[in-house]
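Here's the structure we're looking at; comments come further down.
Chain lettering (A, B, C and D) follows the sequence in which the chains are written, and residue indices restart at 1 in each chain.
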Amino acid sequence: MNFEWTQDEEAFRQRLRDFLAATLPEDWERFSQHGPASPALTDYARTFCGRLADEGLLTPHWAREIGGQGLDPWHQTILAEEMWIAGEPRGGQYMNVNWVGPTLIRYGSDAQKARYLPAITGGRALWCQGFSEPGSGSDLASLRTRATRDGDVYRVSGQKIWTSYAGLADTCFLVCRTSDDRKQGISILLVPMDTPGITVRQIPSLIGEGDIHEVFFDDVVVPVEARLGEEGQAWEIIGYSLTNERLGIPRYALARAALDRAVTLLQAQGEFAGEAVRIEAAHAAALCEAARMASYAIVDRRCRGEAIGAESSSARFATVMAERRVCEFIVEYLPQALADAHPYLKMHHQRGIVAGIAAGAAEIQLNIIASDVLKLPREPR
Amino acid sequence: MNFEWTQDEEAFRQRLRDFLAATLPEDWERFSQHGPASPALTDYARTFCGRLADEGLLTPHWAREIGGQGLDPWHQTILAEEMWIAGEPRGGQYMNVNWVGPTLIRYGSDAQKARYLPAITGGRALWCQGFSEPGSGSDLASLRTRATRDGDVYRVSGQKIWTSYAGLADTCFLVCRTSDDRKQGISILLVPMDTPGITVRQIPSLIGEGDIHEVFFDDVVVPVEARLGEEGQAWEIIGYSLTNERLGIPRYALARAALDRAVTLLQAQGEFAGEAVRIEAAHAAALCEAARMASYAIVDRRCRGEAIGAESSSARFATVMAERRVCEFIVEYLPQALADAHPYLKMHHQRGIVAGIAAGAAEIQLNIIASDVLKLPREPR
Amino acid sequence: MNLSLTDDQIAILDAIDTLTRPYAGATLHEAGFALTSEALDRDLAEGGFLDIGFDPDLGAISAALVVERLARLPQTVEAAASALIRPLLGDATPRPLCLVEEDKTHRPVRFLAPGATVLLVGPDRVRSFVAGPEHVRAEPEALYAYPMGNLIAQPDDRTDHSVSADDIRTRWRVALAAEAAGLLAAALDSTATYVTDRQQFGRPLATFQALRHRLAEAQVRANGLYWLAMKAASTLDAGDAALAALHAQESARTSVYDFHQFLGAMGMTLEHPLHLWTYRLKALIGDLGGRGGQALAAADALWG
Amino acid sequence: MNLSLTDDQIAILDAIDTLTRPYAGATLHEAGFALTSEALDRDLAEGGFLDIGFDPDLGAISAALVVERLARLPQTVEAAASALIRPLLGDATPRPLCLVEEDKTHRPVRFLAPGATVLLVGPDRVRSFVAGPEHVRAEPEALYAYPMGNLIAQPDDRTDHSVSADDIRTRWRVALAAEAAGLLAAALDSTATYVTDRQQFGRPLATFQALRHRLAEAQVRANGLYWLAMKAASTLDAGDAALAALHAQESARTSVYDFHQFLGAMGMTLEHPLHLWTYRLKALIGDLGGRGGQALAAADALWG
């Protein structure tokens, strides 16, 4: 066991920090608080990701033959940490490089790869994820948006909800029902958002401008060639995507950064002297570092080529605990952080409260841990 | 709303304290740490309860016509608090006056009342409660100890477990199966413990000497007249008993007393100065007082003659939270309290860890609160 | 001991229920993050409901009952400080009354706007002034469901109050606990309704045991908080008040997270009213030093 | 970064598993509350497993792996202090090594018996002596599943150690975290097995969601604790050590209650081995000022 970063890893992190310092605009923190899905940040992300691509820093963790540099999962982790700590200047494009791209590479047709990958690797694409529906959140298999085969096309009708980035995305990674079988009856279509019959409504939210939407599909015509993989293969493909997404956002890193920032502010105000505030801060730090190490243990297994299973749920839940505790610390000791004066901390709070909900609710992670890590017999259904 | 004790209530509490001070032996605290089921305390309890009876303090909350003084539930609460804080010198007899007696009065035949009540009101009886079985704890309705009717008698075979006081009790309040119907097939028999065919084995425990047992019934002959109520009435009778038992032990009072004792010791050692220890003590006190007030709200409803339903589960769970926090406080800041030097605190710890398990597990209380206080739809079975 | 409401208290709460009924079912579609109502504020003030604490026969306990009940509404009204602390200052004190710790003036202040009374509570002294436009910068984007303002300046001329700062803090804690009790009850109620209606995996969310248990624990906390708050309002004892406020802040912390969690993504929207109660609870968590502050005050009062 | 075990570490742990296999399945019927084994202690000492920390190539990280693994056994052996702290004192130090805070000598001490080395750790100095019968009163009835003794006297002649008290405390925290990690893992494993076998309401207890979630959270804590402990053993950084020990004590506190709760009345008996791990965890919760002590040390190290 060696818990030190290698020289190469240190250098990679420094290179990212230098790049961020040289590239991000002066007013970045105030600007970024509107959230990764805001029009302003989405627009800026095209510039930023283009520069990242020029530097070879957009998809360095992809294999060489698909436009990456084949860097190992430690480098991918360092990249994700530095971007997320910086307020995710890649905006919604982080999804592209974390899981949309890899999923297309694994399951896409040659035509799909040719159509979509260059925009992703060039930093110009923005995808949205058409998963949740009004009647199915954690229970994805109950989704009802219907894609009916009609010759060479599908006709899609139904509704998605909580869809991040939908207002500005160019393409939707749409999960829909092609037969009545619960899990084997769902398929994925790659649908341009300007297809007639798609309507997007933004939902006013607690978590940032333009972040969540309803998307209505009214007899939307999608060619069969836009299907990713086979009919009924969605469950498998999503499983692959989620495994990547679960490790995609190193929330522990931003939580720890926000905690350190909060402590620095409290110190400057002379409010970090009492035992109570110091103890609470330490508890939050312990959970951040526990989540970091649990996540690193998964990264290490990926480096060794081992299958990543339920243990990623354990790391995910550890991260939820850390985010929660940091949010609580800041609410209690630095309440002004949720106001205008501290955009970075406000940004953290808005993103932090999502930790237990996005990408598989915390309760689902606990179910997985119980069944697949602790090997407890399953609940009756 | 008036949160002050009346003069009469204050005087009653003072009378109890004076009685305890005058009656309990010098070495009581060291003596009582062996637990209310220990042979020494069981023996002493006969003397103590006899004196309580002489003073009219054993069953003052019972109706006048059955040997009590008809004092209201506030007095019953004060009595329970003072006894429990003192280390329960009534030993297992607290069960008699809290629920065995009242249950006999409500459901017993004249012969049963004549046989059992005088010993209870005289402070000489010791009952044990034959409820749990190896295969049925919280799920009482699954019990399998069988009472087979054979003319004028039942023949009882089966096994009980976790039975408090069984080693020294004179009578068992035995729940057994008289037909296969899950809840309507169980009945109560009042069984002298010296009946041939009963074997008792003490289980070595964490919580005090002689506290828990296995009881084996091997073709034990019990006359039909020993049945309490009708065949199949046990479920109703137990419901009545548990309602009384749930309020029977004011654990919040001992928890708070132990907390105060621990703080006093820490102060004497100069270890109650830092913020950390003071904050933890205050959290524990808040939970004790929340549990106290939740319990008092139930007592108040009883005084007004209102039905006590699921709210008693809320008070019970509040008490579990309080006990837990006090135990944790003491383990963390006064670890010597679990050793020989501090018998009162050791006694508290041994009894405190039972709070969430005895008389209906904490999880069962949460189920009841969810269904019957919050009115949430029930879990599927 | 007698925990029943008196006839007066029953009459007051009935009157409040009648007065506020039109507000209870507010639709949120056009509401901002901090839902207020000038009409409700005026009706309550004119009905004398915020002055009950001035009446020695009714006292702080009745005022606390009013505060708790009003906190259950979706609309927020500055009631807690007015009902429980204004009686120590005099009924000529303009509302809203904004409580500010003397050394925490850099924090956003609930209800702070021109015309409000700012009460500066220091370790040993209590001063006040009526805020003018030059003292206030509105904070419309703060993530709290109260109207908030920043105190950017203070006049030289502030009124010294000959009241004990400790008494003010005790009542502040009572006010906080009573308000939190109502907020917590309303948030719990709103969450319980949602999970009863919301189906996942073919059954209501409310039938999942893990969620049931966490909501049941919130009920235990809300119930305990109600009683601790009322007891503290009745005794006005420093220890009772600190324990009640501690239980309020700790319960807010543990429950708010769960409530939003159980609403899933719906809990992230402004279309469901839950945030109106939970984000107010968040705003109360940091008052008077947070849980550590209440706990230390309680320890001082209980054990010296 | 590379979190794989080295070949040496794999070999050491395999050897320990082989050596301890006969002990792992101990029956408890005749065991006392604190289950010990002189034979196991001797085998481990003779095998050099408690001296691994003296080897600079293996270091504290390998010693911590040994401590974690041994803590999973039902029998307790004084391994944590010997393996992790003795390397700072010299290999002539008699075992067991008993750690005592200089101002907490009134607390029962784990493994204290005549012949043991008592290490008195003060704010700025570290002293030791070998206990004689006149210094010790056994504490057979203490509710901890370690053999405990009271320090009733000290010799005038104590050895001063020229080591930094801070370094000792850092290693103490690493030792505590590594031992707690093994205890927590074993207790979790024991509980998971019980609830899988135990039927209530016609199905295994383990199928009830509320219990599943609480055990899953314990798994998350145990996993995090393992990695924090190993990282701290590797870096021997004061902040890492304090965070690991804080997570150990906090996780012990939250998990111990639940584990006994899920065993129901069986968790109150001495016939099930659960208490062997949980009551040892309880004994670790108060070390070095408890969670507050670790948290303050962590805050000092992290933020000054």
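Definition applied: a contact is a pair of C-beta atoms (placed from the backbone, for glycine too) under 8 Å apart; a residue touches a chain by one contact, two chains touch by 3 or more.
Note that the structure is a prediction, hence the values are computed from the model and not measured.
Engineer: Going by the contact rule set out at the top, which chains touch both subunit A and subunit D?
Structural biologist: Joint contacts, listed by label: B, C.
Engineer: Give the label of the chain whose average Cα location is farthest from that of subunit A.
Structural biologist: For subunit A, the chain whose C-alpha mean is farthest off is B.
Engineer: Roughly how far is subunit A from subunit B, centre to centre by C-alpha average, rounded to an integer in Å?
Structural biologist: It comes to 53 Å between the two C-alpha centres.
Engineer: Could you put a whole-Å number on the gap between the CA centroids of subunit C and subunit D?
Structural biologist: Computed from C-alpha means, the inter-chain centre distance equals 45 Å.
Engineer: Roughly how far is subunit B from subunit D, centre to centre by C-alpha average, rounded to an integer in Å?
Structural biologist: Between these chains, centre-to-centre, one finds 36 Å.
Engineer: Hey, what residues on subunit B touch two or more of the other chains?
Structural biologist: Within subunit B, the residues that touch at least two other chains are 274-276, 279-280, 363, 366, 380.
Engineer: Do you know which subunit D residues sit against two or more other chains?
Structural biologist: 208-210, 212-213, 291-292, 295-296 - these are the residues of subunit D that touch more than one other chain.
Engineer: Please classify the inter-chain touch graph. Allowed labels: line, ring, star, complete, other.
Structural biologist: complete
Engineer: Please output the residues of subunit B touching subunit C within their complex, sorted ascending.
Structural biologist: Checking each residue of subunit B against subunit C gives 1-6, 9, 74, 260, 263, 267, 272, 275, 278-283, 285-287, 289-291, 293-294, 296-297, 300, 303-304, 311, 314, 317-318, 321, 363, 365-367, 369-371, 373-380.
Engineer: Spell out the residues on subunit D that touch subunit C in their complex, using ranges where they run on.
Structural biologist: Touching subunit C from subunit D are residues 208-210, 212-213.
Engineer: In the complex of these two chains, what residues of subunit A are touching subunit B?
Structural biologist: The touching residues are 274-276, 279, 380.
Engineer: Can you list the subunit D residues touching subunit A in their complex?
Structural biologist: That would be residues 1-6, 9, 61, 188, 192, 195-196, 203-204, 206-209, 212-213, 215-217, 219-221, 223-225, 227-228, 230-231, 234-235, 240, 242-243, 246-247, 250, 291-292, 294-296, 298-299, 302-303 of subunit D.
Engineer: Show which residues of subunit B lie in contact with subunit D when the two form their complex.
Structural biologist: Touching subunit D: residues 132, 135-139, 142, 161-162, 203-207, 211-212, 269, 274-277, 279-280, 324, 328, 331-336, 338-340, 346, 349-350, 353-354, 356-357, 361-363, 366, 381 of subunit B.
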